[in-house]
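Each of the next two complexes has subunit A plus one other chain: subunit B in the first, subunit C in the second.
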Partner chain A sequence: MYGNAYIDPNEKANAMIAGEDPIKLAEFEARIARGEKIEPKDWMPKEYRKQLIRMIEQHGHSEIIGALPEGTWITRAPGFKRKLALMAKVQDEVGHAQLLYSAAETLGKSREDMINDLITGKSKYSNVFNYPAYTWADACIIAWLIDAGAIINQVANAKGSYGPYCRALDRICTEESFHLKYGHDNVVTLATGTPTQRKMVQEALTRWWPPIMHFFGPSDKISSHTEILMRWKVKMASNDDMRQQFLNMYVPKIWDLGLVIPDANLKKNEETGKWDYTEPDWDEFKRVINGGGPCNAERLAVRRMAEEKGRWVRAALLRKDEKYVTPLA
Partner chain B sequence: MEHIKELLYKMADDLLVIGHRNSEWTGLGPILEEDIAFSSMAQDKIGHSQALFQILHQLGEPEPDTNAFMREAKQFHNAQFLELQNDDYDFSTIRHFLFDHADQLRFDNLANSSYEPLAKVARKIKGELKYHVFHADIWLNKLGNGNEESHARMQTALNNAWNYALGMFEKGDYEEQLIADTIFEGEQSLQNRWLAVITPIIEKANLKIPAEKDWEPVLGGRKGYHTENLDQLVNEMSEVFRIEPGVEW
Partner chain C sequence: MINSLDPRIKREQINEDNTIAPLTEMDQFETYEVFHQKKRGDQHVHVGIVHAPNAEMALLFGKEQFGRRGLSVNIWVVKTSNVFASDYDDADIFETVPEKQYREAGGYKVMDKINKYKKENKA
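Entry: the complex of A and B
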């Protein structure tokens, strides 16, 4: 599961293509315009490679960090059915990280370097995982609504231009659609359950609504930088469009369950056909992305501890005569 | 039927507890592939446990969720070996190796049990255990023969695990009856077969089984005596279920 990669809107567009061979660049853009996929050994602009590495890597990190808040509920899941299903779900998420790191490796950055950049804080992951899952109901809301948001994002990105990433996303989306059903089933059970269960799920929804609204990122600043990324099919849909799509698909389902969304201004605007909502607190979003969220330090500390504790195992596996091979993604 | 229940309870609890411990590796393994592997095995173990609790239910015991999630630690019959913390990957791998070989041999034997409901489940389960043992053998070998540190760690973990592992073969009150009714071969026979299978694999991994004079099986688990680790595990496992027992979650 994953939100949108955070792209710095202040980056200069002309710097993106500076120094590139204009003929090769034109051929490259023509291939993308024809709907062809770019493969690892094909020519590509430096900036295309850089942006994709950043994006796929962030996506991979989000999967393994995302396994933490849900993973803590595996050992508490109520009953065999839920325990088995949650284990399988979180296992899928870790498997997605494996697929994504392999896709990013085809662009020339090793998994080890990516994980190092994650634990030193150099590279980001989806902001949503910097919030805690206080109760079982939080884990249920995450499995339903965060995964729902992730699917919207990933289905869009699966139509992008880089072959290995698209193929990884196709597989990921198939699995995510099961997660969505799992999450929905959990939320329905709680919302139609006892008063205690209803209270739990309502409180979880109230807690998670702001991070859900943040999930797709702030409105895109219309810049030539964004235009190039869209022309290269690195960025496939605007953040606002994806947020609207999410609201359209899930607000009615949430209301059907009799749950209250904590935004009095949320309603479908009959004239525009779009959803009106209270603008999310983007200062909070930036504060959290830059390390100030309730769980940033804890998430990275856990990941760092896992890396430290596993170092001797990885060292024992190293063989001097083995060569690094580019994975086939 | 008390003899069959005794056998089923200790197996179901072993599997529930080790499945729970295996699942704790999710998100924290030394490499992603091992997160995934331990999670797969955890799912199998919990599933096997559920199948055994289902047979118990057919014998008049509470339904599986209530049975697994509502008992106190002192009502569990698992060997203490399985409730110990995962600790590091060395101990987890050693426990995985020692337990899974015993588990596979046990289900192999039970596939021919005269108690057909158990034999039927065992025939299905033993096919899955082939892969658990395969995984354990590979990692024992890789880390035992890895480098100096991994070798030393694995030997220490084996030494620490050994007497607890012997506790897996603690006899129950109905041992003789189970053997006489050809329901189960008995713990002594199982332990002998287990030693014969694991000894050459341990040697190949360049590790040494502790000297026989130091063998002191850690007993009591089968009779409800446990370490505080099990209290913690059971409290955590049932935390949500006990908010409102008996309702659908």
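Entry: the complex of A and C
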């Protein structure tokens, strides 16, 4: 859900390429198969464009909205150094949104349209940001584990086929490595601190575990539709594969700190080499993504307020002779 | 009224259904292409775009977006509309002859000849 391709289970695979010029389609697919990137003005199937816009735009919205629960803690972060670091992280996240919106713009959707679709609730963003950061420890768990999940998703997508998205992701991934280290450092400080600090970080982990398990989305149905998106290098890994990768990398690190993950069934299956876990509550996931989470209304209301408050400044700066052209790359 | 955990948001007394008029065309301005130079002596490299109402603000946003960590000494911004680009469909303009060794230093191998000459002329 962060920036993974969305597959409508009702859509037929052949509908995806219906009406496309077979010669151009073959050239396009051959280019991708050779490992070459697609650039903005290249011919591309309509469905490729549509899926990429949806995916990159949602990814951009997630960066913007994700800055809200974390931004809550800037003024109350313990100590000057952590305030500076959190401010830098939040600025990075907003910068990521700018990079992603720009990449989506090259596909023909204006930034105004993307913002409109966000603030009216038409476009989605990552579901995790509909939960609140109750304490400082929540902000630390977000910075470590949510960013860890985002990195797995972004590293996979950076190997995709669309040039502008890959370039944005390369830049983003470099900055994410700071977020991850910063988050880990904060969690380690709490987990190795006083009993009160340990209790605080344990409670935050317990709260965030279900949204973390939801993060990569429900299992993908393997369909010919999925196969086409994978062949086009729009979808780079299945949701389950990314979740497994996350568990593999981070469960041992969480256990190292003596923290308890609230899932008695979580263990590595020695036979399959994969992690067994309790199936996440996907009804809860759907309920929250469709507006029923604790913070959905607040997130969008805050975005609308920000747009509205800045509007007069933008209007004052706008010159009549300006004309929009689609960015090059 | 939004009852946020964030005191800054709570103070704003925002209504949940604070619908606003949609953003209209050009609300986000036109775009500038940003070129970034890491250190003196390096080429400026294209790094992306910013939306800005004028060149001065494009420089400011360019600095914030692309120069906030690591080395930076200079940036350029150019209105996207002022950039003229070749077309990927015309990529064949870059194809002349497949064999361009005559343009490369490696296309000139003199040591073989020199060694052969030396061997043959050894008294």
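Simple rule for what comes next: the second predicted complex is superposed on the first by the 320 of 329 C-alpha atoms of A that agree within 3 Å, B and C clash if a C-alpha of one lies under 4 Å from a C-alpha of the other, contacts with A are read in each partner's own complex, and residues count from 1 in each chain.
To be clear about the criterion, a residue touches a chain if its C-beta (ideal position, glycine included) is under 8 Å from a C-beta of that chain, and two chains touch if they have at least 3 such contacts.
These numbers come from a predicted model, not from an experiment.
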item	value
First, second, both or neither for A:A15, with subunit B first and subunit C second	neither
Which superposed partner A:S110 touches (first subunit B, second subunit C, both, neither)	second
Which superposed partner A:R314 touches (first subunit B, second subunit C, both, neither)	both
Subunit B versus subunit C as contact partner of A:T75, first or second or both or neither	both
Touching partner for A:K41 - first (subunit B), second (subunit C), both, neither	second
Partner chain(s) touched by A:W136 [first = subunit B, second = subunit C, both, neither]	first
Which of subunit B and subunit C A:E322 touches, first, second, both or neither	second
Contacts of A:A33 with subunit B and subunit C, given as first, second, both or neither	neither
Partner chain in contact with A:V260 - subunit B first, subunit C second, else both or neither	neither
Subunit A positions touched by subunit B in one structure and by subunit C in the second	68, 71, 75, 88, 91, 95, 98, 302, 305, 311, 314, 317
Residues of subunit C defined as touching subunit A within the complex	2, 4-6, 8-9, 12, 14-20, 22-31, 33, 46-51, 53-54, 57, 64-65, 68-69, 80-81, 83, 85, 87-89
Residues of subunit A that touch subunit B when the two form their complex	64, 67-68, 71, 73-80, 82-84, 87-88, 90-91, 94-95, 97-98, 101, 136, 189-190, 193-194, 196-197, 302, 305-306, 309-317
In the complex, subunit B residues that touch subunit A	20, 23-24, 26-36, 39-40, 42-43, 46-47, 49-50, 53, 64-65, 68-69, 88-89, 142-143, 146-147, 149-150, 153, 233, 236-237, 239-241, 243-244, 247-249
For the subunit A and subunit C complex, residues of the former touching the latter	39, 41-42, 68, 71-72, 75, 88, 91, 95, 98-99, 102, 105, 110-112, 115-116, 119-120, 132-134, 167-168, 171, 175, 297-298, 301-302, 304-305, 307-308, 311, 314, 317-319, 322-329
